[in-house]
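The following pair of complexes shares a single chain, chain A, combined with chain B in the former and chain C in the latter.
Moving on, here comes the complex of A and B:
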């Protein structure tokens, strides 16, 4: 019984955790061209981050985050996956 | 009516749309359209232009209300509530990303089945609270004749938290491996394994036994069931979010902690960002002040940009700036300049502060655009 609760807990269903999505390679290129940036200039997220555990990300992937913003109708945020420490 | 509002979804923020929607019954179709159109124009106008010095505006927006906040707290903020640090000290704590905060606490929400039943809430609170051995003992004494520690148990308290003296003895024996634990009526007797041990050792044993962890969740020193609206929640002193989230009866979605490092570890960096926003907004609201949400969102973005929660200190965000002069202008200037000179660092003068130091136009506002010229041979190639 106890195990099921911990399993569920691996995927944070918390009101603080917004939706995280993995970008495909095409989408990545599209994004980098659109803003004329390199991956280095994006904000980061650790590979070990609990919120992206179930996406199985690799280092260098880009995660799209859809936040519930009070001030913006749709506010995608992007973070590039980096190695933890 | 709803259709017209729906059309503006994705153009105007949802919060504004909801507000318009709740007042829309006073308007006819044409008026509603006009309101939406004007809202859209106002929203577009409120967007920040490229090159706006938002960092400085944010700093000023926090600085001014900061002068009106409580500078130091000593007292309990209310009789029944737990002590929570507030005002400027708390704000500094958040922005400096202190590892150990002064008053760690959790707000535990319960599932619908039990958030109205006082007895159930009290039971869950008892599960969460940590109990050490000394809380279950009314009297410790050292018996010099037999060279042993005698602990008189509080029977009532033990019954309340729902354990038996037998389990206490078991736990004590497991944690204190170097001694023998026996029961003698209401008493628990602790003895060292070595014969004829010295008094100081017995004394040490007594002190060690006091802190033995018996039951509950480690770190949670106080629990307090409180009524909020029409449900009961549990406030705690001390946090252990990971353990608490594993309890079945609690609401995993709403339960939060005020330790942002803990949230970053358990729920991820995006949750930590949201926690910074919420904590900061609460501190400011408690003081009867108001800071625009956009400033707070900006600062929480900065604090979590590297994937780890980092404060505005010389070991955090400021210390990672690329420019030597920017780092030197914050704290310990001589150290930074000497180190930069020793390692032959180069300053590209890309940002604001280093250009202020050198009395040059700063890349902000109208100083931002550069003139880009097409070189001649590039044209010939085409």
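Moving on, here comes the complex of A and C:
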């Protein structure tokens, strides 16, 4: 099972994987104020998600995802990191 | 009536087990006798119908709260049980507890350190992963506990405890009495049971075994008086009577020191009665019955299943001021009207407040009474007393009517109603219509609104509701009227439009028809248009259609056959009107009018064009006949050659297959390849024939006209009628062998030729031979089965989806959130476009610029 394929194939670089990035604390606050929400009310993503492995996220961090959706190019999406298992 | 409002919000709910203490606390009296009434028919004190438990007879007053009938909600009582009785619904919990605790010291069979450890673990689990994970862990612990044979605390040996269904426990051969079980449970320390997921503050284990039983108030088990004056008690009262009687006997026997066997028998009997009182459908015990043999409906049955309290009474509410009958079409009423029978109009009412200004009008209504339309059925005096208008009371009510009264008058033309057809799958399934009283006994609706209701007239029934106050009426009037619902929020297309004949009529009109001035005006008059421009001596169809459009309307569109349709200054300049401009779901012209002139104008254009189409057909005459599918000899020959050529190609393929010269397609066997190639070739036959027919058929052929205008059918249908039906397919392949190596016994084995595998050369007109007919029947039945099975499946699928998404909405900041305000989407649709205001989900920038520029 544990075969290191990472040297040859990086999932986050694949064209079908949208760009994931970490928000700074300032940006986080800005986001939470903008939508008037707490972190609990954001959609979530597992720390173990391969797409954000490289960002070394901590639980509670917010990940910004820029997607190329069918209806509009570059629509942002935010997810809060949660612990897996 | 005075109403009390409670302005409080539920913070949390705790479920627990009623403790004996609490039962006593909430009870107002102790029940001691099974007797119900004394000789005078008055409820006995300490009996099951004691008036301390509430009142169900008019005139009596409750002894506990002093309330009269309907004021007093009822009060609980209790009885003391002679011996503890197991509550049947807790039988599993009791078994778990017995098996996991020590029979000597009643401790959980875990070391103290382990208990601490598990408690911490469970707390953590609940916090991090939720209650479900915690439950799973508890189950694991339980399974392990049940295996222990020695108590770690007192070192006592354990005996396996078995549940003998439905409610006896055995330690090897010895039966455990409920007394023993209860005393064991009493000794279990609070901390130990927390591991089993029980909160000792709200549910002590011993409370699962009843020592006193609450007696529900009489208001939840009222007796009814029969016609002959006899009283008939509720099922629950019967059952409770049994319980009290047996309990009393048990007490007496114990006190008299009766032999053990008698006491035990009575004890068991009491257990049986209390079990069936709680649940009369427990397996392995005979259900309690009436004398007639009918099953008693006890506590559990009151709550569960379709006829239970939840699904029947709480979720399934019924309403007044509603009507339901069969629907039928009436293209002469407007789309926002609904035709109702006089009988319905006289039954349904609207409360009309009497004021100084409408006093005369209201008096007139009362004078007419309930039988003369439009009259009134009731008068409400001073907001309390509802008085029926009868021949006796009519005179008095008429004279005494004064401002401040309310008259419940019949509904009249123009009143607002809410019209609905189930299943209500989208918001257009419930729309507001204006009442129009018509002769007949069915609801009448304009055929153009069948699409949003998904109705037809093969026996469909629909419901009609009458809003009862100003607020409801206004809301329905503004938000729910049919014309406001023309555009669907699903994709921004119009759900209502012209259909069938009306489209054919408009197509003919705008394509080639012209009328004399007089005829034109007559047609417009027929459909109720009184304003039209000055016509010349001959009026073209386009001019006639233009009379329906707003004066300053500009429109660029395409017809179904991709010709441009141009409207300038309210005049149709070129192009024909057909399905693509005024049809259902893709009526671009209707949509443009809706956007620039609003719902009222759009509804007018829709109604008028619908009527115009029909009026034109009435004037011109239109029919479809066998003649439509006549073909000239040369065309017939052409078609025969096409079929022959294809057969040759297929023959060639089969030949190459037998000679192994066919190249297999990737991932397919040779045989599969052959089938695919043959099917492709034979399917092409139908298309080729179709295009030949399309080229050759006259534009004025009625069938062609219907197909071209989009009213009904397509050219392929005509081709099937006139020339060749084509290949029949089952599950995407030619018809496979049902017998050994052949489809029917008339063929030779391994016959792969077109006609042996369901190719129908004949047309519907020329007629099918028996073999072809059989193949046709095969596919016909398959598609019938398919639709019959798929409809309910997809319906349920949709229902589940709709229920899952029902509380998701777009907030003011354009985010999509659920009821917890958790964000689902950061911008609605990721582009923030409101679909119902867009062009099929897109914003047509070009036409907006054009509009702004054109000014």
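Quick note on the criterion: the second predicted complex is superposed on the first by the 75 of 85 C-alpha atoms of A that agree within 3 Å, B and C clash if a C-alpha of one lies under 4 Å from a C-alpha of the other, contacts with A are read in each partner's own complex, and residues count from 1 in each chain.
Quick note on the criterion: contacts are C-beta pairs under 8 Å (C-beta built on N, C-alpha and C of every residue); 3 or more make two chains touch, one makes a residue touch a chain.
Quick caveat, the model's predicted, so the values are computed rather than measured.
Q: When the two structures are overlaid on chain A, which partner does A:18 contact: first (chain B), second (chain C), both, or neither?
A: The answer is first: A:18 touches chain B but not chain C.
Q: Taking the superposition on A as described, I'd like to know which of chain B and chain C A:76 touches: first, second, both or neither.
A: Touch status of A:76: second partner only.
Q: Tell me the contact category for A:49 with respect to chain B and chain C: first, second, both or neither.
A: The first partner, chain B, only.
Q: Applying the document's definition of touch, where does A:33 land relative to chain B and chain C: first, second, both, or neither?
A: Neither chain B nor chain C is touched by A:33.
Q: Given the superposition on chain A, which partner contacts more residues in chain A: chain B or chain C?
A: Of chain B and chain C, B contacts more residues of chain A.
Q: Looking at A:41 after the superposition, I want to know if it touches chain B, chain C, both of them or none. Which is it: first, second, both, neither?
A: So A:41 only meets chain C here.
Q: Would you sort A:65 into first (chain B), second (chain C), both or neither based on which partner it touches?
A: first
Q: Name the residues of chain A shared by its contacts with chain B and its contacts with chain C.
A: Touching chain B and chain C on chain A: residues 43, 67, 69-72.
Q: In the complex formed with chain C, which residues of chain A make contact?
A: Interface residues on chain A, with respect to chain C: 35-37, 40-43, 67, 69-72, 75-78, 83.
Q: In their shared complex, at which residues does chain C touch chain A?
A: 128, 813, 815, 817, 820-824, 826-827, 829-831, 833, 841
Q: Quick check: in the complex, which residue numbers of chain B touch chain A?
A: Touch residues, chain B against chain A: 9-15, 245-248, 252-254, 256, 263, 265-271, 274-275, 278, 293-294, 297, 301, 304-308.
Q: Any idea which chain A residues touch chain B in the complex?
A: Chain A residues touching chain B: 2, 5-6, 8-9, 12-18, 20, 43-46, 49-52, 65, 67, 69-74, 79, 82.
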